[in-house]
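See the structures that follow.
Look at the two complexes coming up: subunit A is in both, with subunit B in one and subunit C in the other.
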Partner chain A sequence: MNITDRRRVLGPSDAQPFSLSNVVLADDQNMADVAESLSDDQIPTKIYLKSGVVNNASGSAYYESGAIKLIATVYGPRPIRGLFTTSAKLSVETRILPISVLSLSTFSNLASTSISTQTLSNIVASKSSQSSVLEKNISSFINEAILPSIFVDNYPKSSIDVSLTIISSGKNSKSVIAAATTATSMALVDAGIELKDVVTAGSVLLSRGNDNTTFTMDPNVIPQGDDVDAVIAYTSMIDDSITGLWVEGNKVDEDEMKQLMDKTRLMSRNLRNIVNEMLISEFQQKETIARNLQVSGSGGEKEKKNNEDEDDQMTE
Partner chain B sequence: MSTTIPTYVVPGQLICPLNEKIGKSLVRKYQAGNGTAIRNLVSDDGSVKAIVSTVVGKVNIRTIQEMKEYQESKGTYIVSVENKFKSSYTKSDNASDEYGINSSLNSTRSGTSGLPAVNDVVLARIIKLSLRQAHAEILVIEGQGTVGIDNGIGLNSTEQGVLGPAQSSGGSGNTGNTDIGEGFGAIIRLQDVRATERDKVKILNSFGLGDIVRAVVISLGDGTNYYLSTARNDLGVVFANSRVGELMYPIDWQTMKCEKTGEIENRKCAKPFY
Partner chain C sequence: MKFSPAEISYLRNSLELPSPIRPDGRSSQQYRPLEATTDFLPTANGSARVRTSDGGECIVGVKARVVKAASESSLINIDVDIAGVRDDSSAVVLLSSTLQTAIQASLPENALKLTDVYSFKLFIDALVISQPSNPFNITSLATYLALKSTRLPKLVSATDDAEAAEIPVFDDDWDQSTFLGQDETRQKWSPPIFTVMAVVGNNLFVDPSVEEEFVSDAGILAGWSADGKVIAPIRIIDLGGKRNGGLKSTLIYKAYSLLQSTAPDVIEALNAIGDQDSLSIF
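Right, the complex of A and B next:
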C-alpha cells in the first residue's frame, strides 16, 4: 500500500535539486519599477501588493514598499481540540528574518548615541533570543488591531492562525508594523474569512528638531531624542474607528496627537483605496480564469498562466 | 430614486439599505444572504439598517420567489456576495486528469472556509467504529465545498506534486487529516443512525471503515466533535468498499453488494436518487 509519511512536510514529489543552471532570472517589469522608486530621501509612494502567494495556506499576501518586504499567511479556520468555544481564536506569530534585523542593528552602530533606548533594547533582544520582544510586540499589536474586524462568531470552535514573516525592513519599526497590519488584513480577505472591514494602518514619525516639529513617513528614519513614533490602525471603510494604537515617545500634547491621528488616518485611507482596487481586480482575474477553465476545459490552463503574468499589480 | 448597487464589493462595503422606497407606496425589501451582514448606519437624521459585504466578491440579488412561493414576500430580495467559483469537482469528467481533480485550479480556493453548521448536509469519512458511535471526519459541506481546505501542511494543496487526501486515499481510504489530529471530527451516535427501529440498530451493521457517509449536522457538539445524523432516507452510506476493497452498490436500504465478488455487507444506505 502506498503510504506517505504524513507527519512531516516532505517536499513535492517532483522537486528538483537546486543548481545554478536551474535559476531563471526574474523578468518582472513591475518589480523593476519598485526598485526605481526607491530614492533615499523620498517616501516610497509605490506599493506592491499581491495576495494568494502561498499555495498551501488558506490565504496569504505579500507586501512590498521600499525596503519593507513581508508576507502574511493565514491558516484556518482550523478545528481546535479541547473545550467548546463559540467564536474563533486569532493567533499571530511574527518572525523577523535575520537579514532585516541586520539592517536595524547596523544602523544602531552608526547612530548609537541618538537611538531611543527602547528601540535599542528591541534590536538587542531580536538579535539574541529566539522570539524577540519586538516580534512579540508586533504580534500582539496586530492581534489587537485585526481581531475587531473579524466576525469571530461565525467560526465556532476554530482558530485562525496568522504567520507573519518580515523578510526585510527599513530602520523604522513602526512603518513595518503598519505594513504588516495591512498585509495581514489582505491575507484574511484572501482566506475568505468574513470581515467587518479591512484594517489598514499608517505610521508617522514626529520629529522635534530645532523647535519646529515635522512629520515624516519615511520608513528609514528612526526616532531620536524626544521624537514620537506612532502606528495607528483604522477600519477606514466603516467609520474610521481606531482598532490599534501604538505611540512611543515623550510628552505628546493634544494638538500633536491630533495631528498624528490625522496623518495616519489619511495614510490608511489612501492605503485602503489601493487595497480595495487590488482586491477587486484580483477577484475579477480569478473569475476570468474560472470562466476560461469552464469554457475550454483543460485548455484553460494556458490562459490561466497568461493571466497570472498580468496579475502583478502596481499602484501608485 | 433607486440606489445603485455595486457589482463587485470588498469587506465593509455598503451594498444597499434593508428597505428602499421606490415610489409612494412601493418598498423594496432586501435580506442579508451569504457573505453579507447587517449594520446600523448612524447619521444626523437617525439610523438606517443596511446590508454590507463581509467578503470580496460579486453581488448577487435573487427574488425570494425563487425559493418560496409566499405572496406577501413579493418585492423582497436576498442579497448575497458570491466569492466561489465553480468547483473543480464538476470538471472531473476530464479523462486526462489522472486523479479526477484538476490539480492546477487555484481559483476555486478562495472562499471555501465555511465551517459546518447545524442543518448542513455534509459528506464524511468513517474513521473509527465502536459499539455506541461511529467517528467520522467531515470532508465536504454540500453546496459549499471542502471544509478546512488546508491546514497548512500541504495535504490539500493544489500545488503540483503534493497529493491531497482525496487523491491518495485509495484502498482502505483511511488516510487524511485525522491521522495527524487536524481534521473536523464528527460522531454519529447509535440513536442517530436511522429513524425507525432505533433499538435494533448496530453500528457495525451500519457503517464500515472508510465509508463515505452523507449526513446532516445536528449539533456543533463538544470542542472536538460535531454530531451527525443519518436518520433520513437520503442520508447514509453513499460509497463503501467491500472486504476485498472493491466498490459496492446498494441493493436495498440495509445491504450493499460488492461489484466483483457479489458478497453482501450490511450498511445504512442512502437513497441513491434524490
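Right, the complex of A and C next:
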C-alpha cells in the first residue's frame, strides 16, 4: 500500500493490542535475583534497579522497592534556542500517576486528622489537570540535589531534561523522593552525561513517642502529629557532602538533625554500593556485547537480544 | 543580573575569607534595613507592607471568612504572587507551600474555631511587587507582620450549635475584636519566620543580596518559631549561583547557630514595628 496514514500517529508495526489475557502476573520466581539489602537492622527492603529501559531516551532507569515503582528518563544534552549559556540547564518534570495518588487519598480519609498539608494539597491538586504542589516540590528537590553532581560547564548552550514518572508509591512521600533521586542519577549515568558522582538519597521518619524517639525507614509509614520526615541526598563517593535536603515536620533540634543525617548518610551509602555493583555489571554486559559484535559482525545482534533478556538482574 | 569574571572573583574571595567581608559591609547575621507598616488595608483583617533597602517590596493581606469547617480541607489558604514570575513556577510553589505548612502547624488548634459547625478560614494573599533578591525573606517577614496584626470580630451568638443550627453573629464594635490566636491571658500568638541563608565556601550569610546569591554555592532555608526553636521545612534551595558540589554537614549545624543568633533579634524588631503601629492607630 502506497498511501500512508499521515494524520494519526500509528504505533509500531508489531504492536499487539492490550488484553488482560496477555498479562503475566509477576511471581516471586521472577524476582529471585533481587537483592535484599539496605536493611539497616530494621526493614529488609528489596530493590530492583535497571537502566536503559526506555529506548528513545538518552538515558533511563527503573527503580522498584516495595510499593515504590518509578521511571526516570533523561533527554539530552540537547541544544537550546535563544540566549547563549555557558553551562547546561537542568529541568526536571515529575508526574505522579493517578494510581499512586489514589493510594494516598484513600489513606487520607482514614487518617484525616494527622495527614500532612503537603499530602492534602497534593490530593486536592491531583483532581485538576495541573501538576500538583507535591509534584512541583519533588521536581525542585531533584533539580537541586542532582545539579551539583553534573559537570554543567561541559555542556554549554544545552539543556538536560529529566522526566520522572511515579507509577506507584507508598504512603510516605519522602521515601519516593529518595528513590526518585537515585533513579534520576542512574538515568544520567545511562545517558552518558559527565558526572562528578552518582547522587543517592536516604529518607527517614523520626517519630517522637513518649520521651523516646524512634526512626523508621518504612516507605509505608506517614508522619503523624509532631513527627519529622526527611530526605537527604549525598554524593557518597567523593566527599559525602549533602546536595539536597528536605526536612518536613515541626521543631527539629540539632541532635535530631544530626541523627537524621547519620541515618540517611548510611542509607545512601548502602544504596550507593548497590548502584556501584549494578553499574559494573552493566558495563561488563555492554563490553561483552561490543566484543561479540566485533567478533561475529551481524551475528552479534542476536547475542545482544539474549543479553538483554538476562539483563534483569540485581546485585547485592 | 550578570557579573563580570573579575566581579565574581572579587565577591567570591571576600565572602570566602575566614572573617568574611560582605559587599554592603553587613555582618553575616545582619538583615538589610527595612521599612514596614502594618494594618494599612482597611478592608482586610490584617495587613502588612515591607520594603527593603534594595528596592524589594511585599504586601500581605489577611482576610477571614466564616466557613463550615467540615467542608474545608484546610482552614488556611496562602496565595503568593510574585510580579513577573509565573504562578506555577517552583519559587512560588515553594514559598506558598512552606508558609502554609509552617503556619498551619504553629497556629493554636482552636484559634479559628467559632462554633461546632462554623469556623474562620484565613485567606493570606502575599504580593511581591519587586524582588531583586530571593523573595523568601521579605515575604516571610511581611506575612509575620500581617498575621500579627490580624484581628477577628467577637462572636456574640451561641458557640454550641451541635443540636440547633445557628448562624454566627458578630459584635459590631471593632474594639471588641481579638487578635488572631490570642488566648485567655491575652497572650498574642506569633507565627514562625523563615530565613534564607546563602552558603559561600564555609560561610553562611542571612538575607543575601543579589551579588551574594550569584556567587553562592546554595541556599539553606529554615524556619524559626516564636518560642526559639528551629522549625521545618528545612531545605537546601537554589539561589541561582553555580552549584559546584554538595554542602558539608557542618554547614547545616552552622545554620542552626546562625539562626539562633539572628532570629530572636529579627522577631523583636518586627514586634516593635507591630506595637508602634497599633499605638498610632488607637
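Just so we're on the same page, the second predicted complex is superposed on the first by the 269 of 316 C-alpha atoms of A that agree within 3 Å, B and C clash if a C-alpha of one lies under 4 Å from a C-alpha of the other, contacts with A are read in each partner's own complex, and residues count from 1 in each chain.
Note that in this section contacts are C-beta pairs under 8 Å (C-beta built on N, C-alpha and C of every residue); 3 or more make two chains touch, one makes a residue touch a chain.
Since we're looking at a predicted model, the values are computed, not measured.
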Touched partner set for A:Gly52, first subunit B, second subunit C, both or neither: first
Touching partner for A:Phe151 - first (subunit B), second (subunit C), both, neither: first
Which superposed partner A:Asn212 touches (first subunit B, second subunit C, both, neither): neither
Partner chain(s) touched by A:Met261 [first = subunit B, second = subunit C, both, neither]: second
Subunit B versus subunit C as contact partner of A:Asp14, first or second or both or neither: first
Contacts of A:Lys196 with subunit B and subunit C, given as first, second, both or neither: both
Partner chain(s) touched by A:Leu293 [first = subunit B, second = subunit C, both, neither]: first
Partner contacting more residues of subunit A (subunit B vs subunit C): B
Residues on subunit A lying within both footprints (that of subunit B and that of subunit C): 196, 235, 238
Of all residues in subunit A, those that touch subunit C in their complex: 87, 116-118, 120-121, 124, 130-131, 133, 136-137, 139-141, 143-145, 147-148, 196, 228, 234-235, 238-254, 257-258, 261, 265
Subunit C - residues contacting subunit A, complex: 73-74, 88, 90, 93-94, 96-97, 100-101, 104-106, 218, 220, 225, 229-238, 242-249, 252-253, 256
Residue ranges of subunit A touching subunit B (in the complex, touch as defined): 1-4, 6-7, 9, 12-15, 52, 55-59, 75-85, 149, 151, 154-158, 161, 189-198, 235, 237-238, 275-276, 279-280, 282-284, 286-287, 289-290, 293-294, 297-298, 301, 304
Touching residues on subunit B, where the partner in the complex is subunit A: 8, 10-13, 35, 37, 39, 52, 54-58, 83, 85-86, 91, 94, 96-97, 102, 104-113, 115, 148-163, 168, 170-172, 175, 179-185, 220-224
